[in-house]
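Chain IDs A, B, C and D follow the sequence of writing; residue 1 opens each chain.
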Amino acid sequence: MDSSETRRIFQALETFRIEVPSWGFANTGTRFGKFLQLAAASTTEEKFSDAAEVHRATGICPTIALHVLWDFPKGLASAKEITALTTRYGIQAGSINPNVFQDQIYKFGSFGNPDASVRSHALQHTKDSIEIARHLHSRDISMWFADGSSYPGTANIRQRKAWFEDGLKEVHSHLSAEQRLLVEYKPFEPAFYHTDIADWGMALHLARSAGPQGKVLVDTGHHYHSQNIEQIVAWLLSQEMLGGFHFNDRMGNKA
Amino acid sequence: MDSSETRRIFQALETFRIEVPSWGFANTGTRFGKFLQLAAASTTEEKFSDAAEVHRATGICPTIALHVLWDFPKGLASAKEITALTTRYGIQAGSINPNVFQDQIYKFGSFGNPDASVRSHALQHTKDSIEIARHLHSRDISMWFADGSSYPGTANIRQRKAWFEDGLKEVHSHLSAEQRLLVEYKPFEPAFYHTDIADWGMALHLARSAGPQGKVLVDTGHHYHSQNIEQIVAWLLSQEMLGGFHFNDRMGNKA
Amino acid sequence: MDSSETRRIFQALETFRIEVPSWGFANTGTRFGKFLQLAAASTTEEKFSDAAEVHRATGICPTIALHVLWDFPKGLASAKEITALTTRYGIQAGSINPNVFQDQIYKFGSFGNPDASVRSHALQHTKDSIEIARHLHSRDISMWFADGSSYPGTANIRQRKAWFEDGLKEVHSHLSAEQRLLVEYKPFEPAFYHTDIADWGMALHLARSAGPQGKVLVDTGHHYHSQNIEQIVAWLLSQEMLGGFHFNDRMGNKA
Amino acid sequence: MDSSETRRIFQALETFRIEVPSWGFANTGTRFGKFLQLAAASTTEEKFSDAAEVHRATGICPTIALHVLWDFPKGLASAKEITALTTRYGIQAGSINPNVFQDQIYKFGSFGNPDASVRSHALQHTKDSIEIARHLHSRDISMWFADGSSYPGTANIRQRKAWFEDGLKEVHSHLSAEQRLLVEYKPFEPAFYHTDIADWGMALHLARSAGPQGKVLVDTGHHYHSQNIEQIVAWLLSQEMLGGFHFNDRMGNKA
């Protein structure tokens, strides 16, 4: 590389920022159990405190991704407390992550659930999350869906796709001009047979059909064995549809 | 299922046809060698003869896919002989398969080759193939590309994507109204690092950007481990972009 | 097949029995959560009742695999209650499954834990389980280990192998003559980098070095993509080291 | 690491040698074809010349692996010419590789072929290769087998295992005291359904049952997706059964 290319890379690195996820500071585990760590964060304030420590050490982690169910137990009413934490710890709210997978009603899906009232519930939670994001001046609403089915023939894949198109269009219409709707893909887990948004091609279609502020979120750990992630990123860049990354490896799903 | 659904399935099966590929009757092998079979077809006529035998036994295989380089050694000038074979054996010409991977000039690709003269050569061969198909009243031009790269950083993936978009648009413009351009995807082989059309999402984009007669060809053997092929088919159907199938298993690439 | 072969297969099927696992009747889930089912068993008695129902319907499921921690909360003292259940429901106790993965002390392993006191605890639990099995006239002690490490370089793989050899030898010495020690393998989950007993070759070595009553347990869901399970079974048969099966598919770990 | 560990690593690196394979200097390709390179070696002498060049540049590649069919077209009678080449180029003969896969007679296998006369032919070729190795003072006879089957139910896996045990025992008996018999494993290619020596566990069994000079050869490219190669190496070391490496990546079989 000549020196101008080197300079360009170094300049890019100067402005490179990594957002830390609040849930990454908490205890976590596998389906076999959780090994508890004394130092794990157990409150949202402790997560902000930990994030501030990371930023102190690195200088490139000024924001924290927040999880609506876990960090905003009172919904929008919790936003004031979060704002106080951002001030106290010097860490800004990053992407806002709705949760449409944890409640028992989501057993057969959220945006793709055959039950209209469940889809409606998931849409409302997402709209509420957009409102929270607006309040905190967060640009990105980041959607990961656990939707899928565990046995062949139990789900109408094309119908669910249509429901996803409709739902994402609807929540997109609630975005402010500066907000973005990120659609993540994942080929496996927790569903065993099919996952509604399994790969970059599906996420691309849904992000694009949602509207101009829809983009694709690439989790580097969410790919098939031997899939070329760099190529997917290159394609999304060339389509101007790359929304961001989750930098997981695949060790946790190495099989 | 009630009886009307059963009836619908049986009716669909009544009209279901499978096309046999001419090259499937010849000797083939692996990179380690070829084990020769006395009964293997060695001429195009023998391939037609074998296909006719299959059709006699099954009643649902009335057409044969043809490979331009191998079955039309003189190009369009060979079409008359093929027409004679269709008459003699009662087997019609099916999809026409250009070959843009066998010649030494394709070492670094065909439609995605950095050398404009090689791209031009590949485009010309494809246009010639369209002409052959027109002559034989074949509906489908079926494109499989071996394009890719074998080491990280050696190919400009986004530039190659643009060349593919341009090339496919250009050949699409030579189609007659009743013809279709099928774009196949394959995640591996023969390239070792990246394959330009690696998955259904890439094939979908390129088929669609080529023009309204571009469709995706799904080879059931061209997927990653654990990928849900049914779902891909369902998505392509819902986009009206499913062009056809190659019914391979993955035993030949089982690793 | 001639009729004598057919007869042999039918005769084999006549005596084929499938054991149901008690934990299969309970609610279960993924790391993302559990969807609760009203009809799920919540006590060991309910599990026996469910198993009896399965046996009534099939006639080939007369035994139930039991899990020491979950079905024997008071250890050997619970055995009397289990015996009562076997009488009440007409279902016999099948394989006995020690649990050396659930407690917090097992964070860095059980038989392979660098801490001698943890290894000792795991060995004692296994010996207790053998005692329980003896009391219930159960032939098989079935060992699955979650032991492994989640980052390269954090575990001494050869040392852990030696600890496993020692531990399995020790527990084998507590078996009665009619008992067997089954060693299961699994290439992934819950550890992220290495699993101490990852494949059939490792299980074979450890089962054999334990002693003559050590055998390998093949879980059909515990293999790499594209691995030939039939071949592994054939090899274990030819070594007289096949101890039994767990009939899982790999949908739950399809990635 | 303290300085004594560092020193130990550097000392180990000082004596580390890599052997180059003669066939690596020739043109090679995939089942789709070969792209020819002008500079590729086309004679054994050119391969020695290339190997000498590599050794001049690196200082750690003093030997060349030789392939009996390709480098010894006249069998033992070619050994004199090879000795002349070792003198001329200052490169010694390394491991000797029999070829029991290329001839048409090996369609259904070599050591595992159901036809006794084919097995006998393969054994004789291997004994001849041992003789060649002895003549060249090569320590290692390196065996890779393409044996396998392409459809379920076509091969008797246990019988083939027995033939492999017998055959390897027999050729082992022809080794001189300082020679070793290396058994390589590979889970895929060229067979499509089963490969007789598919993994390290199978190679370990066969190498050990052959005799005390049997060892396992680990090709780093011959593993399933996500298999932990380091662990396999650690286990083989602990059993004193690690014979050597082939340093392939898995790009060529990345699917």
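Heads up, the rule we're going with is that a residue touches a chain if its C-beta (ideal position, glycine included) is under 8 Å from a C-beta of that chain, and two chains touch if they have at least 3 such contacts.
Computed from a prediction, not measured in an experiment: that's the story for all the values here.
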Chain whose mean Cα position lies farthest from chain D: A
Repeated interface matching A-C, over half of the contact pairs identical, chosen among A-D, B-C or B-D: B-D
Euclidean distance of C-alpha centroids - chain A vs chain B, Å: 38
Chain C and chain D: spacing of chain centres that average the CA atoms, whole Å: 38
Junction residues of chain D, two or more chains touched: 187-188, 193, 224-226, 254-255
In the complex, chain D residues that touch chain B: 28-33, 35-36, 101-102, 104, 107, 146, 150, 187-190, 192-193, 224-225, 251-255
Residues of chain C defined as touching chain D within the complex: 152, 157-158, 161-162, 187-188, 193-195, 198-202, 204-205, 224-228, 230-231, 234-235, 237-239
Chain C partner contacts - residues on chain B that touch it in the complex: 225-226, 254-255
